[in-house]
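Provided herewith is a single structure, encoded as C-alpha cells, for subsequent inquiry.
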Amino acid sequence: MLLDGLSFDLLLSIALIALATAALRARDLFKSIVIFMLFGLLVAIAWVRVHAPDLALAEAAIGSGITGALFLGALNRIERKRKGAASGRLENPVNGSTSGAWAVLLTLVLTGLLAMAVLSGWSYSGGLADEALSRIDESGVVNPVTAVILNFRAYDTLLEIGVLLLAVLGVYAVCEGQTMRDLRRRDRSKVLETFVHLLSPMVVLTAGYLVWVGYKEPGGAFQAGALLGGAGVVLLLSGRELPLHTARTVVRIILGGGFLVFLLAGLLVMKDRAFLEYPRASAKHIILIIELACTVSIGAILTVLFSGCANLLAAPSEEEGP
Amino acid sequence: MTQSSILIWPVLWPLVLGIVVFLFRGRTALWLSLAAAVGTALTSFNVCRAVHQSSTLVHEVGGWGAPLGIVLRADGLAAVMLGLSGLVGLVISVYSLTYFKSGSRKEQLFWPIWLLLWGGLNGLFISGDIFNLYVTLELVSLGAIPLIALAGTRDAIKASLRYLLLALLGSMSYLFGVGLLYMRFGVLDLMMLGNTITPDLTVYAAIAFMIGGLIIKAALFPMHFWLPPAHSSAPAPVSAALSGLVVTASFYMVARLWFYAFPALELAKLGQLIGLLGCGAILWGGWQAIRQERLKMLVAYSTVSQIGYLFLVFPLYNKAIEGSGIAWSGSILFAVSHAIAKSCAFLAAGIFIKVYGHDRISELRGAGRQLPMVTFAFALAGVNLMGLPPSGGFVGKWMLLKAAFVTGQWGYGVVMVCGGLLAFCYIFRVLEQFMTTPDENAPNLKSPAVMTYSVLVLAVTAVSLGFFTPVLLGILGVDSPVSLVSFAPEVLLP
Amino acid sequence: MNEWLPLLIPATSLIAALFIFFIDEDNRGLRTFVNLTTASLKVLLVVFLLIGVSRGEVYRFTQPLFFGFEIVLHADALSLLFVSLSALLWLITTIYAIGYMDVSHGHDRSRFFGFFSLCVSATTGIALAGNLFTFLIFYELLTITTYPLVTHRGGPDAIKAGRIYLLYTLGGGALLLVAIVWLKTIVGAANFVTGGMLIPFVSSHQTELTIIFTMLIVGFGVKAALVPFHGWLPVAMVAPAPVSALLHAVAVVKAGAFGIMRTVYDVYGPDVCTELGVRPWLAAAAAITIIYGSIRALRQDDFKRRLAYSTVSQVSYIILGAAIVGPVATVGGLVHLFHQGIMKITMFFVAGNLAEELHIKKVSQMNGLGRRMPITMASFSIAACAMIGIPPMAGFITKWNLGLGAIVAGQEWVIAVLLGSTLLNAAYFLPIVYRAWFKEPDIAFDPPPNGRKLEIHPYLLVPPLFTALCVLAAGVFAGMPFSPLQWAKLIALREYGL
Amino acid sequence: MSTSLIYALTGIAIAGLGLFHYLSQRNILRKVLAGNFIGTGIFLFLVSSADRQADGSIDPVPHALVLTGIVVAVSATALLLALLCRYHDETGSLTLDEEDDE
C-alpha cells in the first residue's frame, strides 16, 4: 500500500502546517479566512486519524463551519462599512517593526519548551482511560465521550454552556443600539431560495438523529447544535427575517432554556445525592432530555452569535434606547 | 472532610436565578435580581460558617470519585474568599439596583451577566479540579468583558477589546499547562496532583505556562497595561467587581496552585522572579497613580500597585524558615481588605461621576462639604489602601513586613514601605481636593441614598477588618497548607 | 470591672465622635450637650483610675488580634499622667471650641467636633497603650484624625499646611512601622515592662538595637518636633485656635514626647540605654532643639508662630529629662509633660481670643492690650512667667528638678542649657507682657460690641483663666498628694524600682 | 514516532505559528484568526495525548476537555468579533493603536 499510516500522517501534518502559514501570511483577509476554513476540515481528518470521531464532527461543524461564518460575516460588515471610506479590500501590511523580532524570539523559546516538555513526558501513559472505560456501564450511555461530557464531568459541560450563554449576552450588550443591516433590498437569487427550502428540514432531521445516536455512536448535543446553527446562518443569509432580538420572551426562553434545563436536572436529583448525580436507572433518559434542550439552545445561540457579528441583530424601535 | 451539599449552593443560586432574571423583564426582574444577590451572599456566608465550625467541606459532583469526576472543596482559603465575594457582591448588587436607569436595556443585560459572573467566581473559589478552574475562569472573563462594553463609550469598547485579547492569551497558556500536567500525570484533581507531582521538565514547563497565563489575567506588573483603561471606563459597579473580585480571583488561583498543587516542588527561583514583578507593580502602579488626572484611573492604577503586595507571598514564604507562614495569612488578609476597600473606592467614584458628571480630580473641589458621607467613605477606603491602622490593610502589611524580616529579605520590606508612602501621596492628593472649600455658587448636591449607604457599609467593614482578624484567621486556619504555630487566638504566647 | 475601664476611656470619645458626625449642622444644643457630657464623663473615669492606680490596682485590657499580637490597654502610672492631662484639657478646650465656633461663625461644626473627639480618643489610646503594636495603631490614628482638623478652614494655605503635616508625620509613621516590626522579630511579644524588657537581648543584638533605637527616636521625634523634623509645627498654626491649642500644644506634640519616654523607660529601660550609649546623643538633640526653638521664637512677629517655636523648644525639656540618667531628672521631664501642657494651652487660648476679638495676630500690634482685655492678658502674663521659670510657678519646678538631676548625674553642661533657655524665654515673652501693660495703645481698640460688659464671650474668657490658675496651683500646691510633681515622683519610684 | 506524537508535535508547531502572528500582527481580525490557530494547536496536542495506551484504548477525558475547549473558543471568538465590529464602527480602525490606519 503506497500510503501506509505513518507517511499519511506526516503528509497531513506538513499540509496542516503549510495551510496555517498560508492563512496567517495571506495578503488578503478574505483569502486567509477561506484557507482557515480549509485548514479546519483537514484538522477534522486529523481527529479521525487519532481515533476521535466525535471531535472530527465538532471541529468540522463548529471549528471551521461556524467560526468561518463568523469571520466572513464580520469581514463583510467591516468592508461594507469601509466601502464608504473607499479603501478597498483589506491588505495585510507587512510589519517589519521591532515587535516582530521580540515575537519571534518569544515564540521560538515557548514552542521549543513545549516540544521538549511533550517529548520528555510522552512515555507516561497514565491517562484515565481504564478508569473511565471500566465505569461506562454505570453512566447510562455507551459512547465514552458522551459519558464523560454528560455524566462524569457534567459540571464542566454545564459551565461551558454558561460560557456560551454569556457570549450571547455579551453580543447583545455590544450590539446595543446598533441599527440592523437591511437585507431585504438585496435581490434574492432563486437558487438560494430553493436551496434553503430543501436544506433546512434535512438539517433539522440530521440534527435530531445526531442527538439520538450520540447515545452509543459519535454525536451529541454540541455537534447537533452546530448543525442547527449552520441552518440558522443559511436562513439569515437568504434574507429570511429571523426575530432574534431579546425583546421577545420566546427568543430568551430558547436561548436560556438549555442551560436552565441542565441546571434543574442537576438540582432535582439532589434529594439525597450530590448535584448532577443521576439515579442509575433513569440516567439515560435524563441525559437525552438535557441533550435535546441543549441542542436547541446551542443552535439558537450560534445563530445569534453570527447575526451579532454580521450586524443582523435588529434593535426594535419601541425599546427606548439607554 | 465532610461531604455536604450546602457547598454547591453559592454557585447554583446565582446561575439559576441569573437565567430566570434573563427570562423576565421590568420590575419582576429587579426583584428577582435582589433575591438572587441576597441568596448568593447568604449561601456563601453559610459555607463560611460551616467550614469555620467543622472542617473542609467536600462535594463530589455527579457522585464520581476524585480522578474521574469533579470534586469541589471548600477549605479555609476558599471559605474566606467565598465570604469576601458574598459581601462585596451583595453590596455591588444593592448599589447597581439604583445605579442604572430603570427600565433601560443596559439594566436588563447587566443583571444576567453579573449573576453568571458571580456564580462563576464562586465556582472558581470552591473548585478542586484544574480544568474546572479553567472553565470557571473563562466564565468570569467572558462575563467581565461585556460588562465593560456595556458602558457604551468609545474607550470602554477599546478597553474591553484589549482586555479580551489578553485574557484569551492568558487562558490559552493556562490550558497548555493543564494539558501538559494531564499528559504527564493523568489526573486533574488538585489534591491528587499535589500528592503525585515529581519535579521534571514537563512539570516545570506546565508551571511556567499556567502561572504565566494567570499573571496576565491578574495584571501583574509587566502585563498590567490593560487594567487601568478597562477598570476606569467600565460602569462603577462593574469596575468595583473587576478590581475587587475578578483580579483577586486570578491571584487566588496562583496561590491555590502554588500552595496546594506544587508544594513538593522547589520553586524558590520562580518565587523570587514573581517577587521582583510584585515590587515593580507596587512602585510603578503607585507612581502612575500619582500622575493620573481622572479619579477612576487613579484608583485603577492603585489596583495595579496593590496587586504587587499580594504576589509578594511567593518569595516571602519558604518552608525552611519556621516563622515565614505569616506571609501566607498576611497576603490573604491583604487580598480581602484590598478587595473591600477597592470596590468601595470605585463605587464612591461612581457616585461622584453620577453627581458631578465627571471625575477629573482637579475639579472635584469641595466634595467634602457637598457630599460629606461619600467623601468620608472614600477616605476610609483610602486609609485601608494606605495600610494605616486599624484597617485590614495595616494588619496584612504588618504580617508581610514581619515575614520579610523573619526571612531576612529586607528589600521587600523597603519596597512595601515605599509603596505605602506612594499610596499616601495619591490618596491624600484626592482628599485634598475634597477638603478645599467649594466656590460659593456651587449648588448643594444630593447623593443618592441607597448608593451612599452601600458605599459606607463597605468602607466601615474595610476599616474595622483589623478587629475581625482572629475570626478570619480562625477560618483561614482550616486545612491551611502552611505550617503555622496554631492560628487559634486562645493558644497565644504570653 | 478592672479589665474594662482602660477600654472605656478611648471608647467614650470614639462613640461620642460617631454620634456627633450624624448630628445635623444647626442642632447646636444637642452637640454641645453630647460634647460636654462625654468630656466630663471622661474626667470622672480618669479620677477613678487615678485613685485606683495610686492604691496599686492593676487595670489591663487585652484583646488578642492574631498570633503573637494583641491590643493591650494598660493603665500604669506613666500613662495616667498623660491621660489625666488630655482628659482635663479636652474638657476645657471643648468649652473653648464651642464658644469659638459661635463667635467665628464656623462651618462644618459636626465634622469638626466629630474629628475633635476622635483625636482625643486616639490620644488617650496612645497614653494607655500597653505594647508598641497598640501604640502604633493609635499613633497613626492620631495622624489621620488630625489632618481634617488642620485643613478645617479649607483655604489654600490650610491645604498646604495639611500636606506638609502629613509629609512629616506619615513619613515618621512608616519609619516607626519598620522599626517596631524589626524589634518584634528580635524580641517576640513587645509588651511594655517598667524598667525595660530588652535586657537579655542587649549583648547579642548590640548594633541592631541601636539602629532600632535611632529609628524609634526619629519616628517619635517627628511628632515631638525635634530639630530637623519640627518643620510642620509652625506651618500647622494655620488651623483654628482650639485645634492648635489642644493638638499642637498638648495631644500631637506630647504623643511624640510620650513615645520617646515609653521607648527609654519601658521598652529599652534606663540602664540598657546607658549601656548602648545612646543617651548623650538624645540629650544633645534635645539641647539643640531647646536653644534653636527659642532663638527662632525671638524673631517671629506672628504671635502664634512665636508660640509654636516656643513649643518646639519646651517639648525638648521632656526629652532632656528622659535623656539624663537618674530618677530626679526623670521627675523633671515627667512633670514638665503636665506643666508645659497647661502653660502652653493658656497661651494658645489667649492667642485665639486676640485673633477673634480684635483680629490681632502680630506681636507689634499688642500695645496697651491690658486695658482692653485685662483678664486675658493677666492669664497670659501668669503663663509667661511660669514658662520663664519664675518661682513659685510650674515652670520653676521643672527646671529645678532638671538642674538637680543633671548635677546628680554629673552632666553640668545641662545647667548652662537651662540657664540659656530661661534667658531666651524671657527675651521673647516679657516684651509681650511689657507691651500689653506698660505701653499706650497706638490706635484705640474698639470697645466690646453691643454693650457686653465682659471683654469677650464668656466661653472664651473662662478657659484661659482656669488654666492660668492651674499653672499657679501646680506650682504652689506641688507638695499636695495628687499634684503633678508627686505623681511624677510616684512614676519615677516605680520606674527605677526603688 | 507513533501517529499521535506526530500530531502532538504538529499541534505545537501550529500553536507556535499562531502565537507568533498573535503577537506580531497589528490587525485585530488577524490576531483573532491566529488565536484560533493557537486553540486548534492545543486541542490537537490534547487529543493526541489521549491515544498513547499500548493496548490501543482511547482515553475519553481529553476528548471531553477538547470539546469544551472548542465551544469556549467559538464563544470567545464570537464575542471578540462583535466587539471588533463595534470598535470598527466607532473608530474606523482595525488596530488598537489608532494612529496608523490601514
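When the chains are written out, they are named A, B, C and D in that same order, and each has its own residue count from 1.
Basically, contacts are C-beta pairs under 8 Å (C-beta built on N, C-alpha and C of every residue); 3 or more make two chains touch, one makes a residue touch a chain.
In this text the structure is predicted, and so the values were computed from the model without any measurement.
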| item | value |
| --- | --- |
| Centre-most chain [mean C-alpha coordinates] | B |
| Chain pair, B-C or A-B, that carries the greater number of C-beta contacts | A-B |
| Farthest-lying chain, centroid of Cα atoms versus that of subunit A | C |
| Centroid distance [mean C-alpha coordinates] between subunit D and subunit C, Å | 69 |
| Where subunit B and subunit C are represented by their mean Cα positions, the distance between them in whole Å | 42 |
| Centre-of-Cα separation between subunit C and subunit A, whole angstrom | 74 |
| Between subunit B and subunit A, distance of the C-alpha-averaged centres to the nearest whole Å | 32 |
| Numbers and ranges of subunit B residues touching at least 2 other chains | 68, 131, 135, 138, 142, 145-146, 149, 157, 176, 182-183, 186 |
| Set of subunit C residues in contact with two or more other chains | none |
| Residue numbers of subunit D (touch at least two other chains) | 15, 45, 49, 59, 61-62, 65, 68, 72, 75-76, 79, 83-84, 86 |
| Pairs of chains in contact (touch as defined earlier), listed by label | A-B, A-D, B-C, B-D |
| Subunit B contact footprint on subunit D (complex, rising order) | 15, 22, 28, 31, 35, 38-39, 42, 45-46, 49, 59, 61-62, 65, 68-69, 72, 75-76, 79-80, 83-84, 86-87, 90-91, 96 |
| Parts of subunit B lying in touch with subunit D, wherever the complex brings them together | 68, 131, 135, 138, 142, 145-146, 149, 154, 157-158, 160-162, 164-165, 168-169, 172, 175-176, 178-179, 182-183, 186, 188 |
| Subunit A residues within the subunit D interface of the complex | 5-6, 9-10, 13, 16-17, 20-21, 23-24, 29, 32-33, 36, 39-40, 43, 46-47, 49-52, 54-55, 58-59, 62-63, 66-67, 70-71, 73-75, 77-78, 81-82, 85, 87, 90-93, 95, 99-100, 102-104, 106-108, 110-111, 114-115, 118, 122, 125, 127-130, 132-133, 144-145, 147-149, 152-153, 156-157, 160-161, 163-164, 166-167, 170-171, 174-175, 178, 222, 302, 305-306, 308-309, 311 |
| Of all residues in subunit A, those that touch subunit B in their complex | 113-114, 116-118, 120-122, 124-128, 131-132, 135, 151-156, 159-160, 162-163, 165-167, 169-174, 176-177, 246, 249, 252-253, 255-256, 259-260, 263-264, 266-267, 270, 273-278, 319-322 |
| Touching residues (chain side subunit C, partner subunit B) in the complex | 21, 63-70, 107-108, 111, 136-138, 140-141, 143-144, 147-148, 151, 153-156, 158-159, 162-163, 166, 170-171, 173-174, 177-178, 181-182, 184-185, 188-189 |
